[in-house]
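Questions regarding the structure given below will be posed in turn.
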Amino acid sequence: MNIPRRAVFHLATGATLAGILPVDARAQSRAETLRYVTGANINTLDPCVPGTTRESFGLSMNVYDRLFAFGRKQVNGNWVFDSSVIRGELAQSYEMSADKLTITIHLRPDATWQDGSPVTAEDIKWSLDRAVSAKSLAPPQFSTGSLTSPDQFRIVDAKTLTVSLTKPDRLALANLCVPYAIMINSKLAKQHATADDPWALEWTKTNTAASGAYIVESYKPGESVILRRNEAWKGGANGKLPFFRRIILQTVPEAATRANLIERGDADLSIDLAASDIPTMEKSAKAKVISVPQTNGFTHISMNTQVAPFDNPKVRQAIGAALPYENMFQASLFGRGRRLYDASWTGSPPNIDFPQPMPLKTDPARAKQLLAEAGLPNGFKTSFAFSTGAAATAEPVAALVKEALGKVGIDVDIQKKPDAEFNTMEAEKKLPFFIDAGTAWLPATYYYFYLYFTRDQRWNFASWKNTRIEELAALARFETDPAKYEAECKEMIEIFADQQPLLMVWQPNHDAVMAKSVDGYTYQFYRQADFRDLVRA
Amino acid sequence: MSATVAGTRSTTQHILFVLRGNPVTAIAATLVTLLVVIAILAPWLAPYDPIASDVPSALQPPSAAHWAGTDQLGRDIFSRILLAARLDLFIAVSAVGLSFVVGAVVGGFCGYRGGRLDRWVGRIVDVLMAFPLFVLAMALVAALGNRMENIIIATAVINLPFYTRFARAEVNVRRNSGWVEAARACGESHMMVVLRFLLPNVLPAMAVQISLNLGWAILNAAGLSFIGLGVQAPTPEWGIMVAEGARFITTGKWWLVAFPGLALMLTVLGFNLLGDGLRDILDPRMRT
Amino acid sequence: MKTFLAILRRVGRRLLFSLPALLGVVVVTFVLMRVLPGDPAVFFAAGPSAGKAEIDELRHQMGLDKPMPVQLVRYLGDVATGNLGRSLTTGQPVVADMRARLPASLELTCTALVIALFLSIPLGVAAALRPGSPIDHGVRMLCTLGVCVPTFVSGLLLIYVFYYLLGWAPDPTARIDIFASTPPDITGFYLIDFALTGDWQGWWAAFTQLLLPAFTMALFVLAPLARMTRASMLAVLGSDFIRTANALGLKPLRIVVAYALRNALLPVLTITGIVFSTMLGANVLVEKVFSWPGVASYALDALLASDYAPVQAFVLLMATIFVLVNVLIDILYGVADPRVSVE
C-alpha cells in the first residue's frame, strides 16, 4: 500500500491538517493521538443504563469525573489500581467524622463542566440522587455502600456537601469511585428530562453532560468513538492534563486482526487479544505487552450446590481433587495468569487476601475415595457448560475436565452455549456444572463473600447457602475493629476452602498490548484502559 | 433378461467411457471413495486417541510422530482429522438425505397434483427461499440448541426449497407424458405413479444436486462451527478444528488450520467434481 | 408505452404476490427469536450488581412481559409503521443502525460480484469454446476450488499473506483507514461518494480496503457464475443461428461475442441475481473476518446475544432485497427478451 495514509489525516472537526500544517506538525498530531482497538462495542455513553458493556464503563471513566478515584501503585514494575488510597477527583478533599457516619465533601473551586459552566453542589446532589433513585444499574451497586436514599446527601454551600450513613459502611467512599458514580451537569441533563424519564437516562445514552478529561467528539455505536482532550480538566492526580490530545476507539471484532494492527504499528493499544497471540507480541519489534494478573477477578468452576449430586460436599471435594489444574492452566492460558490452586496451607489461611491460592491438588485416587464415601463409587453423569464468548479459554478446559472426570467414573457431556443462553441459564440456576469468571470492582474480602456466596441471586454462582457465611459477611461489613474483621474473614475463607461450592482456579492475566512508545498503562478494577494515565515516550 | 444385461453393460461402458475421457471425475470418484473408506476405518487407522490430551506436547509442528502436528491440548491432529471424516460425512449425508427425501416427495406430489396443496407448499417454499439461508441456519441452531441433530435439521431445512422446487418442476413436465398416462390406465394409484414412475425418473437429475449439496452441507457445518454454533467439543470435526486453529494463524502455527482446512477442501472438492461428473454421465447429449 | 405499462402492472402484481412471503418471513423470524433459549433481559442486565428487580424492569421496558401473540401483533404494527425496534447491543434504533450499515454490505457485495463476473464470464466462455479440453477442466477445477475453501479460511489466509506477510493490503479493519477522513455521506457508498466529491486519494484508499474482502467473497461465487456461463454458452453455440453464422463465414470472435455471448447472458443474469441476494445474506463470515461494519455481522452479534430486534430487521431486509432482486431480474428478462410474455 503506497498511499500515504497519514497524509490524508483529518481532524474530525473537518479541518484538513494535510493542507494547512507542515509535515512535522502532522507527525506531532499522530504522536499525540492514541488509536485503541477492541473487540467489544461501546453501546452507551451513560454507564448506568441496563445493558452497558464493559467497554462503555471504560469510556465513561475517561469522559466523566466522579467525586473520588482510587490511587495507583507499582507492583512488579507495572501500575495497578490501589483501592486503599482514595483521592479526590471532582472533590478537592473530604473529612470523615470520628463515628464514620458523616462524610463532608469539598468540591474543587475551579472545576467546570465541559460546556464551561461551574460545577456546583447542586449538580453533585442531583447526580448522587440519580445514582440512588433512577431505574438504572446504579442503585443496587450503591446499596453495597449503604447509599440508598437522596436524604443522605445534603448541600452545605455552593461547594460543600455531606453524605450521612446509618452504619459505618466500609465501602461507602469506595462506591463513589466506581463507574456508576458519574457526576453529571444537572442543568444540561434536566433540559432533556421528561415526565417519564426524570433522570434523562434516554438522553445520556447518546449525549454527555460531563466534566471529565476527554470530550466525546464523535460517537458511532458499534464502530468507533473519537475523544478530544478537555483542556480545562481539573480532576487529574496532580492537576496535570492527560498526554494524548486525541483518542480513537475502534471496534475490530477479530482478535487476530487487532494483533496484526498493533504488530505493524497501525494501532497503539489493545487489551483483548487472544492469549495465544501474546507470546508473539512479546517478541515483536514494535509492540510490548504489559501483563498483570487480574487481582480482583477469578475464573471459577462452579457446581450447583442445591441439586444432587453437587449438594454433597464430598462430591464437590472429589471434583476438586480430580481436576488436572496445571494442564488446564497451561492449555487455557498458556500459563499466563496467577494460579489459585496448589496452596500448601491447611485449616486457617495465612492471610485474609481474597482470592488467594486454595489448597486444591490433583489427586485422582483421593477423588475416587471421596466419591465412594459420597455413595457414588461408580460415578455419575453430568454436563459441563461454557459460553461461546469464552470459548477460546474455556473450550480446552472443558475437554480436560471431561477427560479427567471420565477417569474417576464421572461422565461429562460438554455444552457450549451462545452467550445469552448461557447467562440466562446461569442466572436461573439451571446449570449444574460450568466454568465462568467473576470480577469484583471493590476488592474487599467481605465484599467477595457477600457478592458471590450469599443470598439467592445471580452472582451466587454455586447457589451456595451457608448460614455461618451469611452471618460473618453481615458482621464484617460494618466491623470497625481490624482484628475482629481479620478473624471473621479468615473464618469465611476457611469454610469456603472446606466446602468448595466452587473451585477458584486462576486469575487470568490482563494483557495490554501497546506500541513500544506508549507508557503508563494502569490495570484498573473495571479492567479497561484509562487513557488519562497514558503517555507517549 | 438379455435386455437388462445389455443395458447394464452399456451403462458401465458409458461410465468407464466418461471416466476415461474425464480424468477429473475419476479423481473425484477416487477422492470420495477414499473418504468413505477413511470414515469407516478411522478408529483403526488413527495412530493416536483423537480425544486424549497431552498438554506438555501441545502445539507441536508436524513431525514423524505427529504427521500433522498437535493442537492446543497436545492431541494428534492427523488422528482427529481421520475421525472427523466420520462425523462430517454423517452430518452431510443425513442432512442432504433428509431434505432430499422430504423435498422429493412433497415436491413430487405438488407437481403431480397441483391445485391447492401445490399453492400452499409453494408459498411455504417462497417464505423459506426469501430467508438469508445461512442466517436461518444460525437462528435454527441457536434456537434448538447446538447439538448434532439440530445442525443436521438446520442444514436440511435450508436445502429443502431446492429439492421441493426441483422435484415439482421435473414431475410437472412429465405428468402428462404418455407413459404416465399408460401407468394410470393400468390402474396404478396416484401415489404409485409418483413414487414408482415419476420420482425415479427425476432421480438422476437430482443426484447431481445431491452431490453438490453434500459439499455445501459440510461447508455449512464448518461455518456454524466458526461462529460457535457447531458440534460440541471434544468431538473432532473439521469446521471446529479450523475455527480453533484460526486463532493461531497469526502466530505462525499454520498446521492447525492447514490440515483440517485441506481435508475440508478436498472433501468438498470431491463432492463437487463428482456432481459435475455425474451430470456428464447422466446427460443424454454426452452419451451420444 | 403499452409495454411499459404492462411491465409496470407486472411488477406491481409481483410485489403484491410477494407480500405474503414477506409476512411469513417476519412471523417465522419473530417466533424463532422468541424460542431462543437466551433471555435478552438477563443478558443485558449483566452489570456487576444487576439483580432480579433490574432484570424484570428491563423485561418490562422491552415489552417481554406480555404474552407472545400480543408482542407479535405489536411488532407487526411497529413494522408496518417503519419502527423496527431498538438494538440492545448498540443502544440505537435498528433503522438507524441498518441505514448506516447497509451501504457497507451492499458496496462489498456489489464489488465482489463485479470481480466475480469479470473473472467468471471469460472463464466460462473459454471453457465452453473447448468443452472437454484441458482448458475446460482447468476452469472447472479452478472455480470448484473456490467453492471448496470456507470463506473464513480463505479470508484469514489472504489477510495473513497480503497484509501481515507482504504488507500490500491496508489494515483489514472497517471500510477506510481510521486516520483518513470518511467521505461526506451522500449515498453511503464510499466509492461513489469519493468519486462525487472528486477525492481520488480517498477513493483509492476505500478501494484498496475493499479488495481483500471482496476477493474472498468473489472466489466463493465464481463457480455458479462460470458454470452457468459455460452451460448457457454451450447451448447457444449448438443452436441453429450460430451454425448459420459459422456457415456464413463470419469472424469467430464476432460470433462468440456479438451473437453467442449476448444470447447466453440471460441465464447468467438470472443466476447473478440469485447469487447476489444469497451473498448479501451469507457474507456474515467475511464481514466477521474483515471487521466490515455491515449488516450481517451486526445480525450475528445480535443473534448470539438474543438481541431480537436487529436479527428480525436483518432477516426482513434480506427477504425484501431478495424479492426486489427477483422482480428486477424479471423486468430485465422482459426487456432483454420480448418473447418472455408480459403475462
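Going in written order, the chains are labelled A, B and C, and every chain counts its residues from 1.
Simple rule for what comes next: a residue touches a chain if its C-beta (ideal position, glycine included) is under 8 Å from a C-beta of that chain, and two chains touch if they have at least 3 such contacts.
Please read all numbers here as calculations on a predicted model, not as lab measurements.
Would you mind checking which chain's mean C-alpha position lies nearest the centre of all protein C-alpha atoms?
Of all chains shown, the one whose C-alpha centre lies nearest the global C-alpha mean is C.
Could you tell me between which two chains the number of C-beta pairs in contact is largest?
A-C
Which whole number of Å gives the spacing of the CA centres of chain B and chain C?
Averaging C-alpha atoms per chain gives centres 24 Å apart.
Where the CA atoms of chain A average out and where those of chain B average out, how many Å apart are those spots?
Whole-Å distance between the two chain centres: 46.
Averaging only over C-alpha atoms, locate the centres of chain A and chain C and give their separation in whole Å.
It comes to 39 Å between the two C-alpha centres.
Send over the residues of chain C in touch with two or more other chains.
36-38, 156, 164, 288, 303-304
Could you list which residues of chain B touch at least two other chains?
Correct list: 142, 228, 246, 249-250.
If you look at chain A, which of its residues touch at least two other chains?
256, 260, 263, 388-389, 417-418, 421
Quick one: which bits of chain B touch chain A in the complex? Just the residue numbers, please.
51-53, 55, 58, 72-74, 142, 146, 228-229, 232-234, 244, 246-252
Touching chain B in the complex: which residues of chain A?
255-256, 259-260, 263, 274, 276-277, 279-280, 324, 327, 330-331, 388-389, 391-392, 395-396, 398-400, 402-403, 413-418, 421
State the interface residues of chain A toward chain C in the complex, per the touch definition above.
1, 3, 5-10, 16, 30, 35, 37, 41, 43-44, 49-52, 135, 137, 140-141, 144, 205-206, 220-224, 248, 250-254, 256-257, 260-261, 263-264, 266, 388-389, 417-425, 427-428, 439-441, 451, 457-459
Which part of chain B faces chain C closely enough to touch in the complex?
Touching chain C: residues 21-24, 123-124, 126-127, 129-136, 138-140, 142-143, 145, 215, 219, 222-223, 226-228, 239, 242-243, 246, 249-250, 257, 261, 264-266, 268-269, 272-273, 276 of chain B.
Spell out the part of chain C that touches chain A in their complex, as residue ranges.
Residues of chain C touching chain A: 36-40, 42-55, 57-58, 61, 88-92, 97, 100, 156, 159, 163-164, 167-174, 177-181, 201-202, 204-205, 208, 288-291, 293, 297-298, 301, 303-307.
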